[in-house]
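First the structure, then my questions, so here it is.
As written, the chain order gives the labels A, B and C, with residue 1 at the start of each chain.
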């Protein structure tokens, strides 16, 4: 662990770390990716833009106050779960899911505590997974998101709208035909839904934000969204859920994570990633059913579950070359290092 | 980890590995056990016979394609969860639970992916548990089974029958009297239910398959089934559930696992196993209630939970001698090695 | 691990170990704390008094029979989960929650098995958490409590009353005004509810029992209860739930655990503990909602979850000094050792 503490330039570099944090939602440790993504969110809603920024600021600052490892903070790793928790708390308590509603003072205090808690949970899950060399992914967001979303409904002083967004495929009409917009809107929405943005143009702009840092990651995100929509359609999933990108947002994240980021790009690892995308697509529907009795959204739990299982399994399969989280940069870089140096060796 | 890769004889030995996989459902690394068990299933239904074989073939082949450790593959350890997942997906989507229905092409593709996924999950859970020297047991089957069973209900193109089999003791009439068939059918059905076979003769034939490899394991399976039925009756469990073997199939597996396989046979370990059987019997009912809101079957989750807890605890108790998973062969063999050599020492 | 076995004085010292076990519910390894707490429970109900003693005796004796580590047994660490499981099984199956009902012979056998099982689960969870240097807390009680509470409803021969105690804030009227008794009764009840005692005088007496061993722990317990009630009121929680101490019993335990016991007392760790108390208060409501579909009580699960996360995270934050479970004695002592010797170093 890096023992260097925060020197004088911390305040100057803080905005950069926050932007990296927003990029890290889609595995891009690059402030320009973060900037493009923020702009894409602003295009959809200034409320979500402000909340996304607030969440990343609070969770990054919490880590600094608690004197967390500087290398982790400056890579934005404490920011992305805070951003997502802020977005989810607003999204699921707003009358209008698409634009979000400005939170009340009580709700704001609540969001700030939730974002701070993601930094604690990120450190906790990181400690649990450290022996296995697997990253926490968005698990801190999923855990804190679920717990705080539940509790919000219990308190009279937090006004919460109904959960107006369907959270399970059951809530869509089964008989609608697949049309052209099912596809081009569905692919974009799948990327947008990662940030709770129900806007397909925002989704494609986020892909551009990813491509700023890694073309392979951008391509994998699209491949994930397309394959998920295809599989859902082949098995008769409802048109509305496909068009809203619901089958695809977990699948797109699985595709980025397994497609070169935590496993060196190769034919076997590419096929392994596609297998993961198909399984993620099905299991999104599955976890939605699990959560129905308590009326909770899936968030990115399917991505976390499938990617964890497939990365934990990887060292046992000699056709795959895992990249330890601390060394994972971009698919392009990971591959170069392996081709150059001696092969990374799984434990 | 064994680094030998699959040499030329892999294709020749593949059928043997698949048969060992079927034997491993009940902890028997012996192709003849697998053969007897397959014959017992065929006696009940050719559909289950074919699906059991298909599941074991797919999951074993997946492990080979991904270049998993040969020692694990050739012991059948990648096969048994695949076999069980195939059986469960057919059992719980068929109009007639007892004989099963031939799956549609969509369902078949789905089963193949599920069986392949068990190999990934087996490797993942194995990695998680490796520091604790505890085996994955049937956890990959339970996890993949639940997730894929849920999702199946979401897709229009997979025809799924109603869950026609009661999955919880609540669904049985409480007032029926215990009669002779309650017992002799109940004991056999408990063993049969391990493989989703609602046929008490098949159950006893499976005991014979176990005895081919280990008489102690066969005896423990019966002791588990008998004690479970007795405890359930003593506490007033419904007659139908006892006769169908529902209280007993998890208990029988707990009895085999703790009765000499992962703990060296001795008086303390025998009493520890009996304690585990009683707890498993009660907790089967408990987990059924947990799962009722989402209408899911217990599968072998109770066995996995209780056996994991009791094996994780074992190194802390000096009256027990644990056998590491990699060294566990048969109760007879485990005991001989300990009596011969220096005592195995718990950490 | 200590390899000394139980010498001749075991029987003589057994009552002391049982009393320490009762003190350990609130982290006090002191037989006099246990004695005061037992007296406080007896003041409320002789049935709970007897069951609390029985649970601690059974689980401690189980650990001795299985030849567990003597140092753990003689610190009362095998006793506290057994005591809590006994209390919970009586509390939630009695017509009158406040006084409890004497259990039937079937129920008694069931409680004895449950208490014995907590010793197995304590050892199992201890093994799982050992690499992370985090204690099992009351997780064995929560897990065994849930599983055995569920199962109890399935068996005709165990008479179980209705769950007469509200287990979720939804069940209280939202419109009642906060009055003086809301506060002084609410704070006491929060401490009492740790032991399922719906009696605020008993609660304050338990605080005295804690103070016998550590004034800091006693103060933290009260701070936890007060802060929880304040936060719940600020966010509009129902008056009845606050007065019954339901928001506070998990928060009080979190406050003791983080307030000097597992983290050396300092300003940062004190603020960290207060943050944990606020989060615990909210999440108690959250977990109550999670459990509503299956009608289960929260028990101390919120305390376990939040405290585990915050302790797992602590070594990653250089502003906190964790105390390994094996070295944690009292907040006063932990702090003295650090000030005297070289600073404890987080991994």
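Note that in this section contacts are C-beta pairs under 8 Å (C-beta built on N, C-alpha and C of every residue); 3 or more make two chains touch, one makes a residue touch a chain.
Note that the structure is a prediction, hence the values are computed from the model and not measured.
> Which chains lie in contact with each of subunit A and subunit B?
Shared contacts of subunit A and subunit B: C.
> More than half overlap in residue numbers between the two sides of the subunit B-subunit C interface, or less? Answer same or different.
Both copies touch with mostly different residues.
> Between subunit B and subunit C, what is the gap in Å from one C-alpha centre to the other?
Those two chain centres are 36 Å apart.
> Two-or-more-chain contact residues of subunit C, please, as numbers and ranges.
If we look for residues of subunit C contacting two or more partner chains, we find 131, 293.
> In the complex of these two chains, what residues of subunit B are touching subunit C?
Subunit B residues touching subunit C: 131-132, 169-170, 174, 234-237, 268, 272, 275, 278-279, 282-283, 285-290, 292-293, 308-310, 312-320.
> In the complex of these two chains, what residues of subunit C are touching subunit B?
On the subunit C side, the touching residues are 1, 5, 63, 65-69, 106, 110, 113, 116-117, 120-128, 131, 146-151, 153-158, 293-294.
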